[in-house]
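I have placed the structure first, in the form of structure tokens, so that the comments after it can refer back to it.
Order as written gives the chain letters A, B, C, D, E and F; numbering starts at 1 within each chain.
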Amino acid sequence: MTRLPDSELVLVPGGTLITKTPEEGRALAMMMVRHTIHNIQPDLDALKEGRKTYSVDPDSLTAASQVVAIEFQTIAAANNYWRKN
Amino acid sequence: MTRLPDSELVLVPGGTLITKTPEEGRALAMMMVRHTIHNIQPDLDALKEGRKTYSVDPDSLTAASQVVAIEFQTIAAANNYWRKN
Amino acid sequence: MTRLPDSELVLVPGGTLITKTPEEGRALAMMMVRHTIHNIQPDLDALKEGRKTYSVDPDSLTAASQVVAIEFQTIAAANNYWRKN
Amino acid sequence: MTRLPDSELVLVPGGTLITKTPEEGRALAMMMVRHTIHNIQPDLDALKEGRKTYSVDPDSLTAASQVVAIEFQTIAAANNYWRKN
Amino acid sequence: MTRLPDSELVLVPGGTLITKTPEEGRALAMMMVRHTIHNIQPDLDALKEGRKTYSVDPDSLTAASQVVAIEFQTIAAANNYWRKN
Amino acid sequence: MTRLPDSELVLVPGGTLITKTPEEGRALAMMMVRHTIHNIQPDLDALKEGRKTYSVDPDSLTAASQVVAIEFQTIAAANNYWRKN
């Protein structure tokens, strides 16, 4: 087992849901999903092994993109959708 | 059967959705998912057996991270997204 | 077939989404999921048979916990997240 | 093929999301899910055949209860959660 | 390959989320799901082939009804739930 | 491996959730899903291979349309549902 470094286990990297742009909010969404998974499975070897299959399985990719979409709903709401007014 | 202790069956650990930080809110989301599962299946042996398979199955990990994302939506809204104003 | 008693078929046990605490709200969420299923499948024998498999299948447990999370979103919003003042 | 009667194809039975009680709102949620499915598959024979398998498959029941939960979110919001104020 | 006509590829048929009634809103939800799929797979032959299996698979029908429920959440919110006030 | 060009990896193409019309909002939703997947799997060859199977699997199409529906919820809210007035 190769344990992930602590930085990969922070649940909300940066400690806030507020970002300057939608692009950064989206990147945060992706990172939050990954770090949740890191907390459930902190063994880098197991994660690498899993990546071999899910990264080439279209249904796995769709499922992963769905979790990102759900996290992004929260982050976008937190930022009032980055509306300028 | 090894029954989980009562503390593992509390549905909302701490008794509130309000947390000081997003990080704590996220930790609460993860705990609430786990405790829901504990209430459905309170046998530690069955849970440990299940962990062997889901913790190395990327689709299972994605599915687990999705439930955390959904719980976090609720907790983040409860905390007004920890916005400072 | 062993038909569930009528009390197990009430869709919103207690008749309200308002609860005193998050813990009670969470318990209501779990009960509402169960009672929905009771309404689709009111045969206790079929339900007991199903429990044998889903209660030891981690993916089934994750899926069940997700429905609870979705119901809880509704209940938590109904209660203004049990925020004080 | 035995085509369902038109009444089974109405998408929002009653024509409104407003109900007097949470219980009625929940019943509407269940009916809306069923009627959506009726619109996709209006052949009663096919539906009856499908029921044989999904009604005894716990994962199918969980999936069905999830759709009800999602519809109920909408109906509960429409009714301001039946809050008395 | 039999390409769908352009009208089947419009993402938001009618160009608005606002409808007169819940029934129309629900019909729009169903149409939006279909048209999304048309955009991913615009070959009528492939769609017809797929319909043979999913229209008699209860889990496929449940999954389809869930997407309709999610679209309807958006449309219902857009219409303030068709509340009369 | 054929790496996707950088433009295919932008998480929020256009850098904003605000669009002129629902149709454009829907197109953005579809693009955001695709670009999330591009970020997880940036190898065009792997994506093309996956498309062969998911584009003719009705359940895969339903799953893909669901992610679009979830993204659209966010975009529609950001645009106040393109309500006039």
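Criterion: a contact is a pair of C-beta atoms (placed from the backbone, for glycine too) under 8 Å apart; a residue touches a chain by one contact, two chains touch by 3 or more.
The shown structure was predicted, so the numbers you read here are calculated from the model rather than taken from an experiment.
Enquirer: Where the contacts of chain A and chain D overlap, which chains show up?
Expert: Touches both chain A and chain D: nothing.
Enquirer: Upon optimal superposition of chain A on chain E over Cα atoms, what rotation angle is obtained, reported to the nearest 5 degrees?
Expert: It is a rotation of 120 degrees, to the nearest 5.
Enquirer: Tell me, please, which chain's centre (mean of its C-alpha atoms) is farthest from the centre of chain C?
Expert: With centres defined by C-alpha atoms, farthest from chain C sits F.
Enquirer: Just give me the whole-number Å value for how far the CA centre of chain C lies from that of chain F.
Expert: Chain C and chain F have C-alpha centres separated by 33 Å.
Enquirer: For chain B and chain F, let me know how many angstrom lie between their CA-based centres, rounded off.
Expert: Chain centroid spacing, chain B to chain F, equals 29 Å.
Enquirer: If you average the CA atoms of chain D and of chain E, how far apart do the two points sit, in angstrom?
Expert: About 17 Å separates the centre of chain D from that of chain E.
Enquirer: Pull out every residue in chain E that's touching 2 or more other chains.
Expert: If we look for residues of chain E contacting two or more partner chains, we find 59, 63-64, 66, 70, 73, 77.
Enquirer: Testing understanding: with touching defined as stated, what is the shape of the graph linking the protein chains, line, ring, star, complete or other?
Expert: ring
Enquirer: Beginning with chain C and continuing through chain D, what order do the ring chains follow?
Expert: Sequence of chains in the ring starting at chain C, next chain D: C, D, E, F, A, B.
Enquirer: For the complex, which residues does chain C have touching chain D?
Expert: Within the complex, chain C contacts chain D at residues 10-12, 15-18, 32-33, 36-37, 39-41, 46, 49-51, 53-54, 59-60, 63-64, 66-67, 70-71, 73-74, 77-78.
Enquirer: Contact residues on chain C for chain B in the complex?
Expert: Residues 21-23, 25-27, 30, 55-59, 61-66, 68-70, 72-73, 76-77, 81-83.
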